[in-house]
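Below, each structure is written out as C-alpha cells.
What follows is subunit A paired twice: with subunit B in the first complex and subunit C in the second.
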Partner chain A sequence: MKKFYSNKPAIILFAVPALFVFTVFVFYPIVQVFNKSFYDWNGLGTGTFIGFENYTKLFKDTVFKISNKNALIFAGTITIFQMTLASTFALVLSNQRVKGREFLRIAYFIPVVLSVTVVCQLWLAIFNSDSGLLNTIFQRLGINYRQNWLSNRYYAIYAISFVNAWQWMGYQFALLMAGIKSIPNDYYEAAKIDGASTFLAHMKVTIPLLKETYKICLTISLTGGVKAFTEMFIMTKGGPGNSTYTLTYLMYKAAFREFRYGYGMASASILVIQCLIIILVINWLFRDREGRDAKWGRIKEKAN
Partner chain B sequence: MKRVTALLLIFVLCLSMFAACSKKPSQETKTPDTGKQTNQDKEPAKDKEPAGDSTEDVATDEEITLSIYAQYADDDTKVPYDYAVEELKKAYPNVTLKLEVQAQDDGQKLMTYAATGNLPDIYQVALAQIENFKQSGNIMVLNDIAKATGFEDKVFDSAKNILYNEDGNIYAFPYAGNEYVVWYYNKAIFEKYNVEVPKTFDQLLEAIQIFRDNDIIPMSIFGAEGWITAAMYDVIATRWDAGGIAKLDDGKGSASEDAYLNAAKMMNTLVKAGLFQSSASSTNYDQAAQLFLNGESAMFINGQWFITDAAATLGDDVDWMYYPSYDEASYEAGKAVWSGGGAAAGYAVNPDSQHAELAAEVAAFISEKYCEAKVKYRGTPLVALDVDVQPEMEFPAMMQKLQADIPNQTSITKFAWHLTNAIFKTAIEDQTKYLLVEDYSPEEFITEINNALAQ
Partner chain C sequence: MGQNKRKSKLVNKSVSLDSGNSFFGRLWKIIFRLFCWLYAVISLYPVIWLIFYSFKNNSEIFVTNPFGFPTTLRWENYAKAWSQYDVPTYFMNSLIVSGVTVALTIVLALLFSYATARMRWRGRNVAKIYLSLGMFIPVQAILIPVAKLINGIGFDSTRAGLITIYTAINLSFASLVYYGFLKELPVELEEAACIDGANIFTSFFRIIVPLVKPATATLIIYTFLNAWNEFNLANVLVVEEELKTLPLGLLFLQGIFTTDWGAMGATMVIASLPTIIIYIIFSKHVENAMTIGGAIKG
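Then we have the complex of A and B:
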C-alpha cells in the first residue's frame, strides 16, 4: 500500500475520472450558478451583465425573508424531530432484550424507501380538512380541533416539515443503528463493571462514540431543511400564497415560472453559501475538543 | 503488468463515459448541422429563415417524421389530436407525427429543449414563452405560411386578436377561440332551497348562508391551481373595472386602484362567509369538479370547456349565471363584460427543423383540424377558425346560451396563462390563492401585486 501511495502517476490516473465527473457535473454548474447570478438572463441566449442587481433585489424581496424564515423552521423542525426520535429508537432497539426489534427496524425504515410523491399524497389525504384522517380522529374523540392544516398561513410550514421529518427519520435511525453496532461490546462490559446503568452507559459510552455519526445526521438534516423543495412543491405549491416558500422554491419560481433565471441563480447562490456555512459550522462544532481548544488558545495568545 | 492493466482499465472507463455522453443523431427529426445548434448561436425570430425546404419535401414521396410536442391528457385534448392525426394521414400520407405529450410544468421542458437546441419540429406554446422564443430565435414567423395555406382567411374576425402577436407577426396557429370563465350553478339545488340566482354580492352572501345552513358547499374551487383563483378574482374585479387583470398585465393600471382593492376585499368577504370548501387552496380539479357534479356544491367556476362534461352529468340541472356584482345596475351592465379571453398562442414551429416549412404547413393543418374536432365531437363552437363541419351532437343548452350571448359582449380580459408579464402572472396566481386564506388581508394582497408590477 505504501508503495502505491508513492506512485503519483497511478494516483493521478485513478483520480482523474472521478475528478472529471465532479468537475463537469458539480463544480462547473456551481460556478455557472454564481456567474449567471450577475446576469439579467431569461434562460435562453447569453443575458446581460448587471452586477449585483439581482442580489440587491433579492435582499429587498419579502419572499426572500419568508423563505429564509421557513428554511430555519423546516431545518429546525426536522432536525429536532429526526434526531430525537432516531436516537431514542436506535438506543432502545440496540437492547437485545427488546421484543420485535427486527419488525420495528423495518417499520421505521419503510417511509425512507417510499417515493416522496407517494408520501406527500398520503399526508395530503391525512391533512385534508374535510375528510382527512387527522381531523376525523379529533372528531371521533370528541375534540373540537378541526384544522385546515395546509391552508393556514402560519402553520402549514410545520405540517410540511413534519412530513419530511416523518419520512427521513428512518434514515437517521439506520445510520445511528449502524454506528451503535460498530461500538465494541467491551466498553459496555467495562461500564457495567463500574456500576453504570443502561441509561448511563448510553450517555457516557454510546452517544460520545457516535459523534461522527451525529455529525453526518446533523449535516443531512440541516442542509436538507435549508434546501427543502419537493414537499412544498407537491403539497402546497409554496402556498397558501407564498407562506411555505423556501429559497429553492423561490429559485424555481423565479427561473421556471417568471423566466428570471439570473434572479433564480442569485437565490441559488445564497442557498449554496448557506449550506457551506452550515457544513463549516458543524465541522467546527464537532472538531476534536483538544484541537479546538488549542486553536482558541493560540488565537487568545496572539490577541494578548 | 499491473500498471498496464490499470491504465487499460482507466482508458476503457473514460472511453465508455464519453460514449455514454454522446448523442445518436436522430434521423427522424434532426440533421447534424441543425440538431446540435445551441441557443447561444441563434438570432431573433424576425431575421430567422426556416432551415428546411418544403418544396422538395412535398414533391418527393420521402417518408418524413415530424416531432410534435402537444397536450394529450384528457378528451378535450386527445380527441382533437387523434382526429387531426387521422386527417393528416389522408392529406399528407408521407408525413408521420411523433408525439411527445406536453408536461404540465409551466413550459420548463420546452424551455430546456430550446436552451439545448432540441426543440421539436412543432410545439404547442403559450404567449409568455413566445415572447422569450422571439428574442432567442426559437420560433418561426408564420406569416407567409398562414397566407399560403389560407389559414389567415379562415380565422373568425372576432378571433383575429389571437392570431397576431403584439408585433403584428404570426408565431403560432391558434385553434381555441376566445374562451370564457363561466360561473356554473346547480339549478336543482337552488330550487330545492328556494335560492334565487344572485345578482348582487349581498344576494350571494345570503345564498352562501342558506347553503351553509344546509350543509351544501356554496361553491367548489380547485384552488391548488393558481389560474382559477386568478380567474375568480378577475371575475370580481371586472365588476368595477372591465379591464380586470388584463389591464394590470398590460401596465395600464395599478393594483392600488379602487377596483382591485374592492375586488380583493369582496373576495376576502366571500371567503370569510364560507363561499368555498374548507380545503379550497389544496383542492385539485378532479376533487372540486366531483363536488359539483355529485351535487355537494351548488356552484362551480371553470372555463366554458366544462359545459360538455357538466351537461353530460347533470343534464338540465346545470346552468351558468352572469357574474354577480355590487348592485343591480352594475350587474346588468356587467353582463357584457366577461372574464377569460384568448391569446396569440397555439401550434408553433421550430425554425431549425429540417423540414421547417413542411412543419409549418402541418401545424396550420393540425390547428384547423383541432377546430373541426372541437366543433364536431366536443360540442364547442368557440374555435378560432370558421370550419365547415357539422356537430355530431347538438350543442348543450348552456353552450347555445353562451353562443347567443357572445355578440352582446363588449369586453373580455385574459386567462392567467395568457398574461404576458410573467412576474405579474406568478404573483396574481400565488396571491389570489392566498386570498383563499381568511386572515390574509386585501391590503397585503395589493402590496404584493404592486411589488410584482414594479419589477
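Then we have the complex of A and C:
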C-alpha cells in the first residue's frame, strides 16, 4: 500500500499542474504587488526604486482618507443591514411550520445568483432621477420626495452600500440557516423544559451556538467594505467628485487610468494588509474562551 | 448510526420550539412573519419589475403602467436585444469561459487534493497550506500584476487569459473542498484495488472519481456561478468587443439603449436567466454550494 501511494510520476503529474497555475497566476502576482509598491513604475521597463515614497504619498492623499471613510460606511451599513435581517429571518424560518417557508428562502436568495452588473444596472434604473422606480413610487403616493439618489455627495455611498446589502443579504441568511440546521434539537427541548420562551431560547441557545457562522458572516461583510469596487465603478464612477471612492477604486484609477502602477500597487498592498487585519481581529474577538473559562472554574472550585 | 439519530431529531425542531399561546406571543409571531413577507417583496420585486419592463415600451414603463404586469408582451424587445446587439456573442463567451474554467478547476483541484490527501511524499502538507493561502488573497489586490502578466504572455487577446486566471483563483477553494471530502472517504476500496493489482491511475479514475461526485456537483455549481458573474478581472483583461463576457458586455448597454429601456431590460433578463434557472431547479444544491464557500473562506 505504501508503494502504491508513493508512485513518484503520479505524484508529480497530480500535484504539479495545480501548484504551477497557482504560483504563476496568484502567488507571483501578490509578491509583485508588495515588491513593485516600492517602485516608481509606469508599467514599462522595471521602474526606479523609491523606498516608501508611494506609501507616504498615499497616506497624505485626501482620496485615500475618503476611501477609508467609505470603507467604514460601506462595511458598517452592509454588516448592520445583513446581520439584523438575516438573523431575524433565519430564526423565524427555522420553525418549519411557518407557511411559505420555501418560497421565502428562494425570494431572499435570488439576488445572490444575479450578476453584479445586472444588479447595478437594475438599481441605476430604480434610482434614476427622472423615471426611476423609487421616485415614481414617491410621486404616485403623493409624497414630494424626489431625489437624485446617486448624485448627492453625502448619501451616494449609502445608496451604493444598500445595493450591495440588498444583493447579499440572502447569502448570509443561507449561511445562518445552514448553521441553525446543525444545532441538535436536544438543546431546545432542554430550554423548553426550563420554561424558556422562543425568544429566550434563541437568545440563549441559537445565537451563542452560531458563533462560528457569525464569524464567517462578519468576515465577509467587513472585508467587503475594503474590497468594494464594482458598485462604485458601474453606478457612480467614484463620484460625485470623489465622494464614493474606495481603496480598490483608487488602485484601479491609479494603475489603469493614470498609469501610476507603483502607486496602485501600494494601495493594493494596503488593501491586502487591511483584509488580513480584519480577519485577525475577528478571529481574536471570536477566539475560543472555553479553555480559559474552564480553568477559571477549576480555580474557583479550589478556592471554595 | 449516531448521525442518523441526530438527523431524525432535527426534522421536528419546530415541535419543541413554539412561542406560547399567550396574546403577546401570538402577536409577536404575526409581526415577525409579516416582516419576513414584507422583506421578500423588497428582495424580489426589483427583479420582477425588471422582468415586467423588459416586455414594455417606454410610454408604458414611464407613464401608463410603471409597476404592474405588461399590458402586451412585447417579445420584440427580446428579438432586438438578441439580433441587433452583441448579446449572443457575450452569451457564448460567458458560456465558453465559465464552462472551460469549471472543467479545468475540477480536474486540477481533484488531482492536487488526491496527491495531498492520499499519496505519501515529503512536503504534501506544506503544498496543501501553500495552495490554501489563495483563500486570503482578495482578487481586487492582484488586478494590476495579473493584467501585466496576461499581456506579457500574450494571452491578452484570447479567452485563454480569463480562463487561466479564473481557474487559478478558484483552485484554492476547490482543493480544500476535495481535500476535506477525500479525508472522510475510507481507504478500503483503494486497498482492495491495490491488492487486485490496479495501479494508482486506474484506482484514481475507477474509484475516486465516481466517489467524489457529490463534492464535484457542489464545485461545478459554485465555480460556474463565480465565473459567470465575475466582473473585476474581466473588466481589466478584456478589451475586444468579440471577447467580452456578459457582465462586461452589459456595462456598455447603457449608452446604446438609453432611450430604449425595454430592450435593455430584455438583455439583462437574458443575462440572468441561466443562473436563475439553475438556482430554481437546484436551489438546495446551489445554497449548499455557495454556503460551503463562505464557511471555508472564514
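Operating definition for what follows: the second predicted complex is superposed on the first by the 262 of 304 C-alpha atoms of A that agree within 3 Å, B and C clash if a C-alpha of one lies under 4 Å from a C-alpha of the other, contacts with A are read in each partner's own complex, and residues count from 1 in each chain.
Keep this in mind: a residue touches a chain if its C-beta (ideal position, glycine included) is under 8 Å from a C-beta of that chain, and two chains touch if they have at least 3 such contacts.
Please read all numbers here as calculations on a predicted model, not as lab measurements.
> Looking only at contacts as defined up top, I'd like to know whether subunit B or subunit C touches more of subunit A.
After superposition, C is the partner touching more of subunit A.
> Figure out whether A:94 sits in contact with subunit B (first) or subunit C (second), or with both, or with neither.
second
> Name the contact category of A:47: first (subunit B only), second (subunit C only), both, or neither.
It touches nothing on subunit B or subunit C.
> Applying the touch criterion given at the start, work out whether A:10 contacts subunit B, subunit C, both or neither, answering first, second, both or neither.
both
> Between subunit B and subunit C, whom does A:121 touch in the aligned arrangement: first, second, both, or neither?
Touch partner of A:121: subunit C, not subunit B.
> Between subunit B (first) and subunit C (second), which, if any, makes contact with A:76: first, second, both or neither?
After superposing on A, A:76 lies clear of both subunit B and subunit C.
> On the A-aligned overlay, A:256 touches which partner chain: subunit B = first, subunit C = second, or both, or neither?
Both partners.
> For subunit A, which residues lie in the overlap of the subunit B contacts and the subunit C contacts?
Residues common to the subunit A contacts of subunit C and of subunit B are 10, 13-14, 17, 21, 43, 124, 256, listed in rising order.
> Under the definition above, what is the set of subunit C residues touching subunit A in their complex?
Against subunit A, subunit C makes touches at 6, 9-14, 16-20, 25, 28, 32-33, 35-37, 39-40, 42-44, 46-47, 49-50, 53, 61-62, 66-67, 108-109, 111-112, 114-116, 118-121, 124, 127, 130-131, 133-134, 136-138, 140-149, 164-165, 167-169, 171-172, 175, 190-191, 194, 199-201, 203, 225, 228-229, 231-232, 235-236, 246-248, 250-251, 253-254, 261, 264, 268, 271-272, 275-276, 278-280, 283, 286-288, 290-291, 294-295, 297-298.
> Using the touch rule from the top, collect the residues of subunit A that touch subunit C in their complex.
1-2, 4-8, 10-11, 13-15, 17-19, 21-22, 24-30, 32-33, 36, 43, 85, 88-89, 92-98, 100, 103-118, 121-126, 131, 133, 136-137, 166, 169-171, 174-175, 177-178, 181, 184-186, 188-189, 191-192, 197-199, 201, 212-213, 215-217, 219-220, 223, 226-227, 229-230, 233-234, 248, 251-252, 255-256, 261, 264-265, 268-269, 271-272, 275-276, 279
> Along subunit B, where are the residues that touch subunit A in the complex?
3, 6-7, 10, 13-14, 17, 39-40, 42, 105-108, 111, 114-115, 128, 132-133, 135-136, 138, 224, 226, 277-282, 422-423, 425-426, 430-431, 433-434, 436-437, 439-440, 448, 451, 455
> For subunit A, which residues count as touching subunit B in their complex?
Residues 10, 13-14, 16-17, 20-21, 42-46, 57, 62, 124, 127-130, 148, 150-153, 235-243, 253, 256-260.
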